[in-house]
Amino acid sequence: MNEIQKLKFYQKGTLTVGNRLVDEAQRNVQASLSRSNSLTCGHRACQGCGEALGARYAIDAAMRASGNNLIAVNATGCLEVFTTPYPETSWQMPWMHSLFGNAAAVATGVAAAMRVTNRAGTRVVAQGGDGGTTDIGFGCLSGMFERNDDVLYICYDNEGYMNTGVQRSSATPPAARTATTPVLGDEPGNVFGTGKFVPKIAVAHDIPYVATASVADLHDLEMKVTKAMGFRGARYIQINVPCPLGWGAASHDTIRLARLAIETGLFPIFEAENGRFTHVRKIRQRKSVAEYLKLQRRFAHLFKGGKEDPRVARIQAIADRHIADFGLLETPAGAA
Amino acid sequence: MFQVRIHGRGGQGVVTAAEMLSVAAFIEGRHAQAFPSFGSERMGAPVVAFCRISDREIRLREPIQTPDALIVQDVTLFRAMDVLEGLSPSGYLLVNTGKGFADIHQEAAAARLPPGHAQTIGATELALAHVGRPAPNTSLLGAFTALSGLVSLESVLEAIRRTFPGKVGEANVIAARAAHDLVAARMAPDMQTRKDAAHA
Amino acid sequence: MKHPYAIALDVGTSRRNLTGSWRTLRPEYVDRLPPCNNACPAGEDIQGWLFHAESGDYEAAWRALTLNNPLPAIMGRVCYHPCENACNRASIDVAVGINSVERFLGDLAIEKGWAFAPPPSESGKKVLVVGAGPAGLSAAYHLRRLGHQVTLREAGPLAGGMMRFGIPKYRLPRQIIDAEVKRITAMGVELVLDSKVDDIEQAMKDGGFDAAFLAVGAHIAKRAYVPAAGAAKVLDAVQFLRSMEGEAPPLLGRKVVVYGGGNTAIDVARTARRLGAEEAIIVYRRTREKMPAHDFEVEEALEEGVSMKWLSTIKTVDGGTLQIEKMALDDKGFPQPTGEFETLEADSLVLALGQDVDLSLLDNAPGIVIQDGVVKVGPDMMTGRAGVFAGGDMAPSERTVTVAVGHGKKAARYIDGYLRGEPYAAAPKHGLASADRLNSWYYEDAPATVRPMLNAARRINSFEEVQGGLDETNALYEARRCLSCGNCFECDNCYGVCPDNAVIKLGAGNRFRIDYDYCKGCGLCAAECPCGAIDMVPETI
Amino acid sequence: MLEQLEGSKAMAKVIGLCRPQVVCAYPITPQTHIVEGLGELVRTGDVQNCEFINVESEFAALSVAIGASAAGARAYTATASQGLLFMAEAVYNAAGLGLPIVMTLGNRAIGAPINIWNDHSDAMALREAGWFQLFAENNQEAADLHIIAFRLAEELSVPTMVCVDGFILTHAMERIDIPEQAQVDTYLPPYEPVQVLDPEDPISIGAMVGPDAFTEVRYLQFYKQQTAFRLIEKLAHDFKKQFGRAAGGLLRTYSMDEAETVVVAMGSVNGTIKDVIDEMRADGILIGLVCLITFRPFPTRALQEALSHAKDVIVIDKALDAGMGGPLASNIAIALRNLAQTPNMHSVVAGLGGRPVTKAALHRVFRQAVIQPWDGPHFLDLNERVIAREIHRKGKARRSGPSAENVLKLLERERAEKIAAAEGTGR
């Protein structure tokens, strides 16, 4: 019987959203007819919006993990604007928006209210884009972390201020064209050597759980949200969510781009608990950064006239460094 | 209304002195208002605190400009500022020093007050002896009760106990009482002689 | 006003906002023809039956399989599986071992005694099927399922035709043939053995048949003129393989030469090895690339120690010595004699140069046209004589069991249409589910630890029967490797990846529906559909 | 119970009696002692069922309170000066969302130049944020106003700021009657939010509102403030009934019999003004006082009634709108503009950055207003000599450094001269 179990691979479906071959209970939330659709139809996100997708993935998973006993706090940004233009809201769960930079703090307040009003079973997530998280909301985020407040903060990282018309954030990658890093001058696009990777900063707070995830790997994403919900205290998940508009990509390439971001090593997928890195998601089919960059008009200047700009190699070097630092490649069997 | 101004430096318990004085008056059923001259909380900086005592509600919020009594916790302040500014001609002056007014070049100021209204007391030494810390405020308050009779020694001692519960409070009570006794002794029947001495 | 005006909103109210109006492209679910199905001469819905096998419902899988082919245990052994050659999975790793799974299902059915259901109703029509080979058996089965009364006349003493007399036992154990034939006769097909039909017109008239399907096998060996002298032992392949069915195996000696380049030549050579020949040499006038035999058969023969002599013709046989002339390919790829000769020692020579069909039963049938030794049939498998259909080796096509089974099915459908007076029209074929339509990311590789075992399991179908087939675990594994090219397998990807929740899941078995009220036409569902079952088509505005 | 307490400690005690459920603390002088006191009460268990949260900024302090309030908890925080400005957008946000947060503002000047002492610049800077703003005259009222503030805020879903003069009140020790818990409980029922984040009954709070509805949202805010007057008066009335002393209300008048000159002021300066008025009345001058307690909503009608018979109205502002003058004076001018007989308006800017407002100066300016009125704001106790020199210097050379520094230098020189003179007399 054990032997049979060992052989039950689900090659067709292992990586898909659903899989009719596994028990209903073990299937992804997103495959379920009874998923909460916390973020429902009629929202005004652009076609192929990665953030809309990531938010439904994450919040639905958190809803399941909490037994639908969840409150979400939202920073200002695309997600807030496209889901709640008066008089319509796309949320189907208790949700609140206060300001751009204070989602983490508002969530702290909600969590405190839950404890003090004997509703500690109600869980709290805060969510925002990279601008609201890594820039303007960073102070509140760090404060929430260091106090170890009982909040899961989810950052939908689309690498820029997309709501305001695609400006640079501290999560914008080098060379990327944005409205504030135009393709002009000696160093066109965003400047190399700038920016920050907040998940690592989160880890430095020694909080119970930090993870990165991607809309390209739903299994991993749902597992991480579910795992995060199993902890009490401050938790942080940064989800890579491609933005067709801001990245200058086809709307149908959103998931493909997210996949390439992982498979190039540009967006490392890892977990850390209590300040220690515990797990990395290995690259499955390694890709070159050029394959990733070429799909995005924000990097079009790197391939102008059919020639590859030397800065592509610099971006490749960043990916290679991630691969080395995080150990993103499978170690061959038998290797130490 | 009786107005007391206390001068000292940060760390000497100037504000606490004003507050304890107000508590002593409160214990006696009177209205009292204590407040600091507001500034950053830094050691060594000149600090002024005020205390008003009245039998009616105190509404006035201005800093005390014409004090009925001055308590100077640090003689070095005479050189840094006009400590005596506005002191009522019928007021009281209590200075923390083991020396006489002449030794600190303030005999003229003392002389302007009614006889017996100016006293010096080595409050820091008393504090060191009884409390083990150079905090002259409680000793000065003890001495002040003897000097002015504004509030009773017992009320001040109770205020000290409320402010510093336990051993520290009791040590301060001993220091305050000692200071009171020293000044009271000076103010005794042969007071006139001592007044003359003070004028000398 | 329940909540503060404009500050607090009731949940889910955005559903009033029909974002479908943004769309310029619309996703549409499609079904495409999987390359395996497309390649299957028997017209099997391979993907369809693998679907059931994937979930472990083998009986359902077998029943789905036998809707098209009643002989899975046989086919699982002898089919040259063009399906696997076409399989899109080959572009990812290795083709799905369809044939092995088919055999597993066929064997399991025999073991479990699964039977075919009798037809729900009788048509009252009588059909004569001539020849109980794969084509005849297939036709009889399908006709019976359609409610017709079928008489299957076989000239030989046993059913199976060329499967029994042309395929070595090591490839096809006879009890397998017996079991699968029995299951067909159990449906009510009348099998008459040792009953050669000499005159089809007469036979139909005598039996009162409304139609006939002719499926006589190619039992007659083609002879090439090879001058022989002395005590040379020369025999033909048909004769040789047929003699394998007797009690005493033929004596070939130590060194056997087989002349020919088809699968039969390979069968003979490999059989010779099994009979104890130390050397089995295939002599063929062209190159390996030009050999009609399936490459994997050649490969396996080589592995079994069969040797090959390319670009060679046998000029004469003299006792134990063959004179060989070397050939060279001309510009057009035809072999031309070079005038160079050599000799080859042999205890016996087996000629495997092709077979012919005995068409004498048609002599009195009007309108039947014979061309190149086979009967001319229309696209409906009907001969020039109305109501008489032909297939298998008799009709022009590749002569394999699988093709024959396909002919049987196809003919049965047209016969049925003919009998009902409603000519059968095959459903139009879907466009091909080509590999470029797949999103192969979603198909996981097998873990390295089980790969060798599976590779072995996939290969044994053409090996010694004693090694057996797939067991349940690896059959399941193999089935699950199917990509379901071009047809939704309910992986929920579209349902999951839609940023607008505009895909409605209809529940198990019912697939999905696009909610065009909200679909913005981003195309993510189509891009992320693993099997290419969604097309994006321009919206008509 | 009567106690001799520092104002901050008294407020902490009373706020504790209001059973706050979430208290957010971030230090800024001069409000620090309040949250320190509350923190202590939570640690000792005197205040139960309360989350005391040390946050990383004022912005976070109010944001945490926003979250807590939206989730159904009674939330409190305190700040001052720069802190209020640092949380400014959250201040507006709390009001926009209608969250009944109570916040103590230890009134303090706003830099630059940096200044930790009292004035009303901070409260004035955010007077348009949509909060109720109540000003305390003394520490008893400072404490009592918090009880009223929670009830007011929660009844109308409007956040409420209790403005308490920094140092002058926060650091002053006075006799204060601390009420009993039962009394407070009777007056202040538990918080029942009108909108709450609840998985049982989910809603979305904080939608983006466009031109189609924004005006209406704002109007409703305005309407709510306008309808608050009656409630504020009722709450003051109820308070007196419950606690036996006056606190709150829209405004309080003093010595108004036949008053020809009426002073209007907010906060602790009213105490000093009362003493001055008593003295002036003793001199036969018909002067009275309107002590404005509720600044937002601005009680236009109540002020009209109080001031309609005055000949001269003197408004004391502890803040300066540098491009306009005293903000309170501007507000009062607007309130009185349509009276049949508009009084003469006199604006006094006093007590900026902790400058003592003395009886002497008030005597002077109250008399001057009637006999020698001025245009624009009068800056009480302005050092005219320094100003004259600086203006002269500026006129001569442009761009010669910030005025603040130069003024400080001049003042330093003056002080040194004064001490030298004093020491001379001392000898």
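We just call them A, B, C and D in the order they show up, numbering each chain from 1.
Simple rule for what comes next: a contact is a pair of C-beta atoms (placed from the backbone, for glycine too) under 8 Å apart; a residue touches a chain by one contact, two chains touch by 3 or more.
On a predicted model such as this, the values are computed, not experimentally measured, just so you know.
Student: Average the CA atoms of each chain to get its centre, and name the chain whose centre is farthest from that of chain D.
Tutor: Measuring from the centre of chain D, the most distant chain centre belongs to C.
Student: Going by C-alpha centres, which chain is most central here?
Tutor: A
Student: For the chain pairs B-D and C-D, which is connected through the larger number of C-beta pairs in contact?
Tutor: Between C-D and B-D, the larger count of C-beta pairs in contact belongs to B-D.
Student: Go ahead and note the Å separation of the Cα centroids belonging to chain A and chain B.
Tutor: Centre separation, chain A to chain B: 66 Å.
Student: Suppose each chain is reduced to the average of its Cα coordinates; what separation in Å results between chain C and chain D?
Tutor: From the centre of chain C to the centre of chain D is 92 Å.
Student: For chain B and chain D, what's the span in angstrom between their mean Cα positions?
Tutor: One centre to the other, that is 34 Å.
Student: Determine the centre-to-centre distance between chain A and chain C, using the mean Cα coordinates as centres, and give it in whole Å.
Tutor: Their C-alpha centroids are separated by 49 Å.
Student: Mind pulling the chain C residues that touch 2 or more other chains?
Tutor: Only 6, 9-11 qualify.
Student: Residues of chain D that contact two or more other chains, please.
Tutor: In chain D, residues 97, 202-207, 209, 213 touch at least two other chains, as defined above.
Student: Find every residue in chain A that makes contact with two or more other chains and list them.
Tutor: Answer for chain A, listing residues that touch two or more other chains: 83-84, 86-87, 89, 91-93.
Student: Mind listing each pair of touching chains for me?
Tutor: A-C, A-D, B-D, C-D
Student: For the complex, give me every residue of chain C touching chain A.
Tutor: Of all residues in chain C, those touching chain A are 6, 9-19, 22, 54-55, 441-448, 450, 472-474, 476-477, 480-484, 489-493, 495-502, 505, 507-508, 515, 517-518, 520-524, 526-528, 530, 536.
Student: Which residues, counting only chain D, touch chain C once they are in their complex?
Tutor: 96-98, 157, 194-195, 202-207, 209, 213-214, 216-217, 220
Student: Using the touch definition up top, name the residues of chain D that touch chain A in the complex.
Tutor: 21-22, 24, 49-51, 53-57, 59-60, 63-73, 75, 89-90, 93, 97, 197-199, 202-210, 212-213
Student: Looking at the complex, which residues from chain B come into contact with chain D?
Tutor: Listed in rising order, the residues are 18-19, 22-23, 26-27, 31-36, 38-40, 58-63, 65, 78-82, 84-85, 105-106, 108-109.
Student: For a test of understanding, state which residues of chain A touch chain C in their complex under the given definition.
Tutor: 3-4, 7-21, 27-28, 30-31, 33, 37, 39-45, 47-50, 52-53, 56, 83-84, 86-93, 218, 244, 250-256, 259, 285, 333
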